[in-house]
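Heads up, the next two complexes both have chain A, just with different partners, chain B and then chain C.
== the complex of A and B ==
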């Protein structure tokens, strides 16, 4: 466990030491904030809850930030050769994957926290907008679903970054898969031929919508946690696979 | 300490290691020597548990590198080729992190950190960012990492590659010093390095071990057929003929030169022909400015064995 903490700490510091992460962080908060402002502006007078708009604005840009944060996780180690010293240290592949995953996850959470302030900032800045629709329970739901989706997406990104030793390829793969997960979920939710159980269960956009309206359901939580676990297990196996050849 | 039997490694159809067997006793410094692409790094990577073998067994301290991988890893310090380090970390941070990975924490870690920084001579670089270090310092940081958990076995892949002559000498002395406490297995394609540091040499070529012998034995083997070089002034053909007639001289070749004629005499095993050559030169009254027996080095052995 102490080894996992060591790797977690290393990954966290690596994020904060790299200028790329800072740039992404600022850019993410900037564009998602702008998107949120735009969404509020356009929905003035509509009954759409603020938490839905906030969650939607964040989700729209989340794949890019996760791609940038995750693309270096394993690819950078492979490129610089440090993967060799890492894998010959007395730590298991599971500890490595978990430590790295948690490190990047913590960084992403820290990056997302300031977004909670958006509605309040907006209310201060533009008196024309009122936040009578802001329900703290719905905001909590939006936060929970953001954390869940971030976790799942990051796990997808970890698997993608293990498939290649090229950062660009890793980034494109990750981004493609994350958008596919969002878009596929949306299509699944919209299409009529699909049974409702399947659409409700698998559509990530549906989860986001339901949670950010203030309904906490147990099934999506189980779905995301299980999927994350499964993906991380796959990542561990992929890292171990070099020893099967 | 190391027990390798019938080790084979195939990359697809390419055979990188072909039925390699060798042993290394505790406390030995053994050099793995071979041209580039001979399979040195592959062998060391298998020993360090990074790569699996296609066939054969490797035991380190009685533990199998494949099935008891974790225990083996805690007993070896491995320095891969080209010394990969995290460029964005400071030396102290990096070594602390590596120590943590190797199960060192708290006071024990601080003590070891202090020791390896001193042993590797990088105390002054403790707060430097690794990115800004010179090649020599990077190498020492890599060595410090390999040493931090005080492993009984050190596996060093090309530890002096890319260093300047001063640094090479330092690292070499350093490795020699390590031999007192650790077993060291290092690879190199620089022969003089192995000659000066190692007790024993394994020469690998084309994935096979062509020679495994003590360094001293190999050198003795070569010295038995030495060369004598001399530079004289006089009638070229006469000198060449007379030199060839000296007992013990097998062959005489004339090397191109200026005013002075330069001859190389290839001698029979165990014979020192220099007194006879000197007597000949003084008898004939030629002017002599150099007479030297060239000691064979490992380079000659190497070239001869891997030809």
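== the complex of A and C ==
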């Protein structure tokens, strides 16, 4: 556990000292805040809860944010050759993957925290919006699904980061896979027959919709947690296989 | 490597050359072996990764399947509980057995589609914890699934898109999208002064649960209620499609509400058949024989259910029978403040299960007669507990009871006419006292002073409440009123009501201030590192 914490701290520090991460953070907060502002004004008079609009605004830009944060996770180590040092250090591959994943995850969560203030800013300024209209339960649901989806997406990005030595290739792969995960789920939900049944469990857009309306379900939680675990396990095995090559 | 004749060594160097050649061969073999070993390791490690990930994937699939199959639990944290089902619905579902198919036939642009799908999802979730009940939802897009749409049209008599078909035990009910929304219909009085009828619809609530639960409950009943329409005295014809006298439209609406509708010639059969759930006497313009009136009276005494729609200026012979049930049929015409005076808009309803869902809905009657409760109804003949309870259903305050029907335009004559409030429809119930059911089945009677209000023409051009009023009446008569009272859920539309200054402040805070804070933090870190 000490090793995991050491790697986590190193990764966190790298994130917070990196100008790229700050530029990404500022851009993410700017565009997601603007999207939320626009969504609220365009949906005035419609029965859309604020929590759904908030979740939608964040999810739209989340793939870009995750891509930028995660693309350097392993690619940078490989490019600079420090991966060999890391692999020969007295840490297991599992500890390396977990430490790096948790470091990036913590940075992403800290970046998402200011976005939670968006609805309360509106509530302070709007004469018609009250705390009851905001529906704190639904906001909690929106927060839970944002954490779950962020965790899953980051795990996808970790695997993508292990497949190549080039940051641009890693970024393109990650971005493509994250949007495929979002759009694929949406397409499943729009289809009929067996895909529609699968969509109930697999569609990330459906999970976002259900949770951001204030309903917590066990199935999507199991889906996201197990998928994240599977992806991290894949990342560990991929890293281990380097020893044998 | 090949050795050319020029490179061939002399006899003295022959053994060295052979040694070199052997070493080179050996090195080549070694290098080839190393290459194959490396390739083999790569393939083995690659296979190892693939195999391990495949096994882990199987485990993940199994876990998710188990969660999908055995852990459907969910928690509604929202304060609105918009899609949570009421206790009434849950009780009804616990008593329902079988497989319920909910088929949505929605166009992609349908406004309420998502709301209704989420509601149906709540039904599926509720059924997942009830043994013996299975609820399956099927979504059909009429623009894409042409074959399935045709099947639905043929099987379930679906004539328009944007409906939900509820199927249970071979019976079905079709619910149109407009029925899912509770509208407040407001009459534009300025337009009415100019002789135009303009009704504004304002969305007041979402009554999806009421519609779906009522449909399931109705279909779960062992038999489809059979409603007889009396014939032989100039009554409205349920097979007649013409605009004014025809009743084909309302008969169709009743069939779609999972009821059977059949004409009845009372003179032939002797008495009202036992298989009938209710008898409708719709606008007779000739007198019924005394024997027929007596049979209807007997039927009522046998806990019968009767709906009488009677127009002004007609003597049907049922007036005396109605009086014994505490109902007085006025010899007048109730007129309102419309340009022609013929239409009477009713917005006020009595407190009754029939009218619970009609609050704010306008029902338009066409020159009805007054129908009111007789004071001390039946008190002399019956005990207080067995006395018929008469409840006014539709009341006008602005209108009045006109006793000079020929007057044109109609005006209120002090001393001759009677000012509002005047009732034009009443519900009578006997066998229920103080909310307690005294007999096994109470007698129920509804009397409306107009039969035009649900004619084909009225339903086509009416303001919308007429059909709801009639369906509610018949549902109450056939004991399907229980779920009618599930209240509609008020839509909580997003309201900001910001002025320009507030909107600008929100824009600055959301898109500039928060990112700027992060930027300042980043700059501080950068400066700290430089130092």
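Here, the second predicted complex is superposed on the first by the 230 of 245 C-alpha atoms of A that agree within 3 Å, B and C clash if a C-alpha of one lies under 4 Å from a C-alpha of the other, contacts with A are read in each partner's own complex, and residues count from 1 in each chain.
The rule we apply is simple: a contact is a pair of C-beta atoms (placed from the backbone, for glycine too) under 8 Å apart; a residue touches a chain by one contact, two chains touch by 3 or more.
The model shown is predicted, which means the values in this text are computed figures rather than measured ones.
Looking at the shared chain after the overlay, A:17 reaches both chain B and chain C. Using the contact criterion defined above for the overlaid structures, shared-chain residue A:80 touches chain B, although it does not reach chain C. When the two complexes are overlaid on their common chain A, residue A:122 makes contact with chain C while staying clear of chain B. Once chain A of one complex is fitted onto chain A of the other, the partner contacts of A:36 are limited to chain C, with no touch recorded for chain B. Look at A:214: by the touch rule set out above, it reaches chain C but stays clear of chain B.
For chain A, the partner that touches more of its residues is C, with chain B and chain C as the two candidates.
In the superposition on chain A, A:168 contacts neither chain B nor chain C. By the document's definition of touching, of the two partners only chain C reaches A:140; chain B does not.
Of the two partner chains, chain B is the only one touched by A:91; chain C is not.
Residues 17, 243-245 of chain A are contacted both by chain B in one complex and by chain C in the other. Within the complex formed with chain B, the residues of chain A that make contact are 2-3, 5-7, 9-10, 13-14, 17-18, 80-92, 242-245. Taken in their complex, chain B has these residues touching chain A: 45, 48-52, 66, 69-71, 73-74, 76, 78, 80, 82, 84-89, 93, 97-98, 100-103, 105, 145.
For chain A in complex with chain C, the touching residues are 16-17, 19, 22-23, 25-27, 29-30, 33-34, 36-37, 40-41, 43-50, 53, 111, 114-115, 117-118, 121-122, 125-129, 132-133, 135-138, 140-141, 192, 196, 200-201, 213-219, 222-223, 226-227, 229-230, 233-234, 237-238, 240-241, 243-245.
Those residues of chain C whose C-beta lies close enough to touch chain A in the complex are 38, 41-42, 44-46, 48-49, 52-53, 56-57, 60, 63-64, 67-68, 71-80, 82-83, 115, 118, 138-140, 145, 491-498, 502-503, 505-507, 509-512, 514-519, 521-522, 525-526, 529.
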